[in-house]
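Two complexes follow with chain A in common, the first pairing it with chain B and the second with chain C.
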Partner chain A sequence: MSKDNDKNKDDEATDINENTDANDTVEKIGVYICHCGGNISDHVDVEKVAESVKNIPGVTKVHTNSFMCSDPGQELIEKDIKSGSINRVVVASCAPSLHESTFRGAIKRADMNPFLYDHANIREQVSWVHDGEPATAKASILVKSSIEKARGLKALDVLKVDAKKHVLIVGGGIAGMRSGLDLAKQGFEVAILEKSPFLGGQASKLSRLAPSYEYAKDLIVELYTQLSKQNKVTFYTCAEMSSFKGYIGNFDVTLTREPSDAVKSKSKGEFVENRGIFIDNIPKETEEIAITIGAVVMATGFKTYEPAEDEFGFNKLEPVTTLEQFIQDYKKAETKKGILYLNNKKIKRIAFIHCVGSRQIPGIHEPDKNGNLNEYCSRTCCSSTLQAAERIKTTCPNTDVFDFYRDIRTYGRFQEDIYDSASEKGVMFFRFEPDAQPEVTENKNGKFPISIKTKDVLTFNEEIEVDVDLVVLVTGIIPNDISSMINMMKLPVGTDKFLQEVHPKLRPVEVANTGILLAGTCQAPMDITESCAAAQAASVKATALLYKGFVELDPFVAQVDTELCKGHGECLKVCPVDNTIEIDKVAKVNPALCTGCGICTAVCPENAIDVMGWSLKQYEKMVDAILAA
Partner chain B sequence: MATQDKEKKDAKIIILATEACAYPGANSVGQAHSSYPANTYILRVRAPVLFPEDFYIDCFKKGCGGIIVMSCGEECPYDGAYHALAKRLDNVYKMMKEKEIEIKRLRLTAICTVCNRAFLKEVNQMNTLVKELGPPVLKEN
Partner chain C sequence: MNSRKKLNFDTVVIGGGIAGLQTAIDLGDQGFKVAIIEKDATIGGTMIRLSKVFPTLDCASCITTPKMSEAAHHDNITLFTMCTLNALDKESNKVTASITQQPRYLDPDKCIGCRQCEYNCPVYVLDEEQGDLTLRKAAYIPFSNAIPQLALIDVENCSLCGKCAKVCPTDAIDYFQEPEDFIIEARTAVVTTGFNMTPADQKKEYGQGKIENVITALQMERILAPHGPYMRALRPSDGKEPESIAFIQCAGSRDKSLGVSYCSRVCCMYAIKQCMLLSGSLPLADLTIYYMDIRAFGKGYEQFYQNAKAMGIEFVKSKIASISQGADQSVALKYEAQEEGGKLATREHDLVVLSLGIVPEWDPTGICDIAKDTDQFIQCKMPKIAPTITSIEGMFTAGVASGPKDIVDTIAESGAAAMEAGNYMKHYH
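Then we have the complex of A and B:
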């Protein structure tokens, strides 16, 4: 096919090179360059990049396409493979973390080994950071470098490792229970690890749940009832993880269980208000339990932000509480003549102050003792506050409710209705700027014990003073302290201290460590609906990983060239993983244990050991291509 | 002292960026659309401990202006690899001195997945240096 630059690149792929004369025994490299809908081609002259590589020996096909990851883009690769035009693939597009598996899939579908493929990152590392001729020149060099790597690629087989159909759920809150139930129903053995003697987590402290207004207790009891009917579920309460090692399919975990004084008089399965379902198997003495599991679902949950001493009068003024405490107290509230009575105290006027411990701004808010600020939005608290305010006005219409907010974020389905209803029922709203937060002071001589002053943005910064009986601080969500597990399991943590997924859209419940999944608020602030959705996603992902009874691992492990190896054992001396290398005249690598770090490669005097797919020789070729250009 | 070719101002910089930390860190810089010099070429590596001393010297021999090893630092997912790498680079520095290559041309640093500022600082500093020094000319042994 001749060069055809006149084609509309948005509609069809441009095939600028076809050299079918190449001998089948040599490398025939297909190069596929993506426009990324303008993300790349607005800054990189993609056609020029294609031109620059089409005459490189061994390159038999060069295509450009608007979206190489789209079905038509992938079909280009598949078609070229099936026609015998290529036996190596180079894709130049976005970061490989996004679509490496997509293109491997396409190659596999065309019956070619998926590891005969390399990826040049010309979006995140070129078009998004450079512009004009330098961007195009750099993209060309990176593609050439990839071509050189592709030339030396060898077909690799994925490693198959037996996998236990046994999943550990860390955390017995609503996300952990939901995830455990789904996995048990799929026939997996499930171990639920919970540090307290109760199941239900933070949800146990809640009352009615918007928008359906069922009781949180009923939800927890329902989940527990279903879980307890599953004969493959084991509850390890009063337990923490004390060791963790292994790899997907075969994680060896030690759980340490400690005695607890918690409400022993309760019977098994009984719901204890604000604590959850009591699981009556508290150990009498410390015990250690070793289990081998195939995957882990982290459902370690959250705790609410504890305001600093005297932050809005907290811990200094008695009528200042948190939303978490208020919800628990409100369960026992009384109404007299349409006025709210909380803990036998008349509450004629109540105020809520939003964003306490959330959306903190450097320079305005005080960091905690470790220097941290919670700069994120806790998301769930606006709706939760408005629900509380709305309930008060519904049941106690003669109690005045004042709502001091920065922004109202009722983002979820039906949550805006709560805001509307609260407004209609007479909740009074005041808006404050972050650098002019409400001042909460004691009102010694007034009718009400607390005075709140603020500049109300809604009335063009008018100074407002409101006297109230009770101030409720709407405290945000912070992740539970799981630092020991983070260290043991080497879990990635974001700057907000929540566990971090690989990609928020493409791999939303996976962390970089294969076989470890995220469910619920250990990952980010979520409400129960979102936590359960994440938990179910994690269960499905765990099922997909383990259902075959074996897992396939990337084959990027050390391999010995037995022709070159003289059995010096230098590799064995430096290998950090016990039993990975043994010397029997020549070195031998156990691929299931090798992590593929390559530490052995650098020390071999014979250059006899290298990492498959990431070999030193390939890097040398890539560097040559870069520096020669 | 090696002579430096001051005429060539655009000597290339090779960045060895770890797959778990620095490479996604470089992508994060891209996602933020923060510009940096285009004479930088990032190689995705599992752990830079793979590279023997000669690899670095050969890069300089081939005209590479600077090498930044962007590791995971103490957070390296491969047990012992970071310390072995640091030790190896000590050897490389010794070899560079012998060959009269300015040792600032090789830099070991730790870059995390969101270390945008640190990434840009390292790249810009190295770029300033290679612009000043030009490509290396090695002393023949």
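Then we have the complex of A and C:
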């Protein structure tokens, strides 16, 4: 029963100043405060906040709701607008990044200008970091300051700019090819930028793929065949991006193509082992190409971790190799009497060591020379290692295979089957703890050149020594070095050095910069299935952005009062975005380029430039409100 | 009465969980008209019923409601809740879905979601939305952020007392409402039917659901959710604040004896997440995860796992051999203690959570010719380079319908399905 009462309370509305319909030009502010199901109300006394603002002049409605973003919550706002009770909206809830567009949508549905709305963040800025009385007090202050800001809001129109139906894909690996194909099918022009003369990326180095045993080459050829049938696709191989300017819908990009002596005798479209599909248009001399595009798909991929000198004997002991190299060598492997021969060497015993360069733990693992640790799991290596182990036992049953692991992560569809099959075929597993890594040493007098010592968790920490012919280090995935593009395009990068998406759950293929999308392993380690899904998700976002031929941008941009402006050009000096401001007697702002950062407003000696929706006057009112409280 | 309504759309999306919603939004944003068919009274699927999500610890309600709301208010998307799919056929470039909409026993056009019926209903029944851990009424709205905000009457439990009809301010209640059949014709279909958990009473060694204080992970999600059954973390049998809580991993996965040989892919991470949330609400409780391998493979997941270890959550590598009732309603676990030389050990916990396996929610047999794979999930025809294409041209799939997946992989795949469906309609239609 008490629950029912609680629910009744959620919708408590306070009606004040009922004489509001006297004059429609007067600000009538509706305040909507969210419990966030407890996220806010566990720490903030929401009803008290409501009480504290209801008598502020101009506030005509105050509502609280357990989830303001839910339909019933939004309907409160719509109802108040439609009934004429309010003409400004203040929502106090989570960060505006989560729900600003939700509430703008609700306001729009009620036929009010969606920019007559301000948002107070009382979750991230209050309830998640404060508790008790101070939390309630701070929430109150933030709502009051938001009310004062809302008072000065003016109706704004979204900016409409033409958008080119032309997409640049950066990277010609599997993800880039997949995305390019989708967008070409949409009828968009597609430019694929690739630094090598080949398409196919890292997948070209692979052989049969886990868990389906398809050949990577076949997938690359299939994608290329489909791509080459599309008539709006241009391959810019041997190319790098040399400049990047503009905004969504109209990015100006320069590509620089350099001659390459990679492969001369190959014909166009031929698959070259370990390198990919050869695109026969290598430039004779350096050339620069300028293109204008509407959106960019980043598909810059990964490289494998290179073990440090003597990490598990790497580069010191000859029979220590990486999984990447092993896959190459295994393509030419031979079998004699059920024993594996690699590069004409008999491999009677082989060991794989997992998590080399992945899952590194501060305090346990050595950082690299730049102080980096790869703390993440590289996701794909367990399955590819087990498949390699399983293949060896299938084709060379007399070679012994040892697998040193921390956790076996065969999480994907049908991957567990490979693990089962490898176990059934006699692969021997040893489990080690991160702080007791296997020791790889030279075995001078023994039958086998390498000795591996470990404490095996599976046999209750028994000290185990295994002598082998070859050690394969299962090296992880690290993002390709694209620092020049990161600088040019101002891309966000995570602590793991991969490109950083807007929201790791709900918006995995978008970055904060509108018009730039992420496909595949530039964002995080992924297998081919996951890369292709991400690439197609990036394609669909690019399609939705561009298919109408125009894009809509927020109107929070700098505006010049031409009466006041004397053309000093102080704004131009501090503007961080090239070409946004030009001075022609007075300052002129290109609204599509302006990010609304407001630095110009701070330096203008005449106070002639201001950001729409975030004016200096509004800030003063907000500060006054904060100080008054 | 029997002339069946026929509606036309570009795409019919089967299932209104996060996969279906994202697919519909990504198709709607390309200008296609989409119908979402949902069997429940609300859209949102499993995700809206979760507490918080890993590894960001965002509250699930906070990040699912905007998607639900976006779909519900999208100009190009139409929602159909309480719908059973009777048949889904593909013939000569046309997908036909034959659907029965179950009655809510009220007029949805009249219902304003005021909940007067719910407040006044005298019948209490177990609330499946709260993992059967508390009660709801027979006339009710599933939960406070359900979409649409329409009540329904649980006719199996309704006492026909007539109170709801009396208090309804809009005269919406209609005890004689009949199921309604209708047909949707579309150019494409996307199957986003999601998942179910393996039954908790399946495994003999685990007490077949008869041991007190052994709950499922989804019940724990509700206990931890902001509007949970107890509004705090308690154990069900006696309301005691548990001092020791254990999680049993692979309690329905990687287990051939249950016919689920695959990994369910999300259980490691949700168990770690639930431990983290519990350590917030019960700072003194001992938290233990019994596991085979910790599969923290996604972006930021390994770091999440290492943080959990650093917080003092205990990870015991062992497959639990058996579960039995211990003293004072506690739960006794028998396992091989690897740290102690492999000897058989028994430990008692106040509350035990089973990480059950993930199985498909929907079996197409007899409804649609779409192929299943050996794991019973929808088969992917080109699993590598076009992961959403199924055995039937013009029908696509996304999310857990084609195998266990976390939310972020589901979101990406939903975008991919929307891209494939969009391009299919552009070219082959």
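The rule is short, and it goes like this: the second predicted complex is superposed on the first by the 566 of 629 C-alpha atoms of A that agree within 3 Å, B and C clash if a C-alpha of one lies under 4 Å from a C-alpha of the other, contacts with A are read in each partner's own complex, and residues count from 1 in each chain.
The working rule: a contact is a pair of C-beta atoms (placed from the backbone, for glycine too) under 8 Å apart; a residue touches a chain by one contact, two chains touch by 3 or more.
Computed from a predicted model, the values in this text were never measured in an experiment.
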| item | value |
| --- | --- |
| Clash or fit, chain B versus chain C on superposed chain A | fit |
| First (chain B), second (chain C), both or neither touched by A:K138 | first |
| Vertex chain A; arms to chain B and chain C (CA centroids, nearest 10 degrees) | 110 |
| First, second, both or neither for A:T529, with chain B first and chain C second | second |
| First (chain B), second (chain C), both or neither touched by A:V540 | second |
| Partner chain in contact with A:Q125 - chain B first, chain C second, else both or neither | first |
| Which of chain B and chain C A:Y619 touches, first, second, both or neither | first |
| Of chain C and chain B, partner touching more chain A residues | C |
| Which of chain B and chain C A:P504 touches, first, second, both or neither | second |
| After superposition on chain A, the shortest CA separation from chain B to chain C (Å) | 7 |
| Residue ranges of chain C in contact with chain A within the complex | 26, 29-31, 53, 55-56, 58-59, 61-63, 65-70, 72-73, 113, 115, 118-119, 144-145, 147-149, 225-227, 254, 261-263, 265, 293-303, 306, 317, 338-342, 375, 377, 383-388, 402-404, 407-409, 411-416, 418-420, 422-423, 426-427 |
| Residues of chain A that touch chain C when the two form their complex | 4, 7-8, 10, 36-39, 66-67, 69-72, 74-75, 94, 98-99, 101-102, 105-106, 109, 174, 178, 182, 185-187, 209, 212, 214, 219, 222-223, 358-359, 361, 375-377, 379, 407-417, 420, 431, 457-458, 460-461, 496, 498, 503-509, 523-525, 528-530, 532-541, 543-544, 547 |
| Chain A - residues contacting chain B, complex | 95-97, 121, 123-126, 128-131, 134-135, 137-138, 141-142, 145, 490, 492, 494-495, 500, 512, 556, 574, 576-577, 595-599, 601-603, 611, 614, 616, 619-620, 622-624, 626-628 |
| Contacting residues of chain B [partner chain A, same complex] | 12, 14, 20, 24, 26-27, 29-31, 33-36, 38-39, 41-47, 49-53, 55, 58-59, 62-64, 77-81, 84, 88, 113-114 |
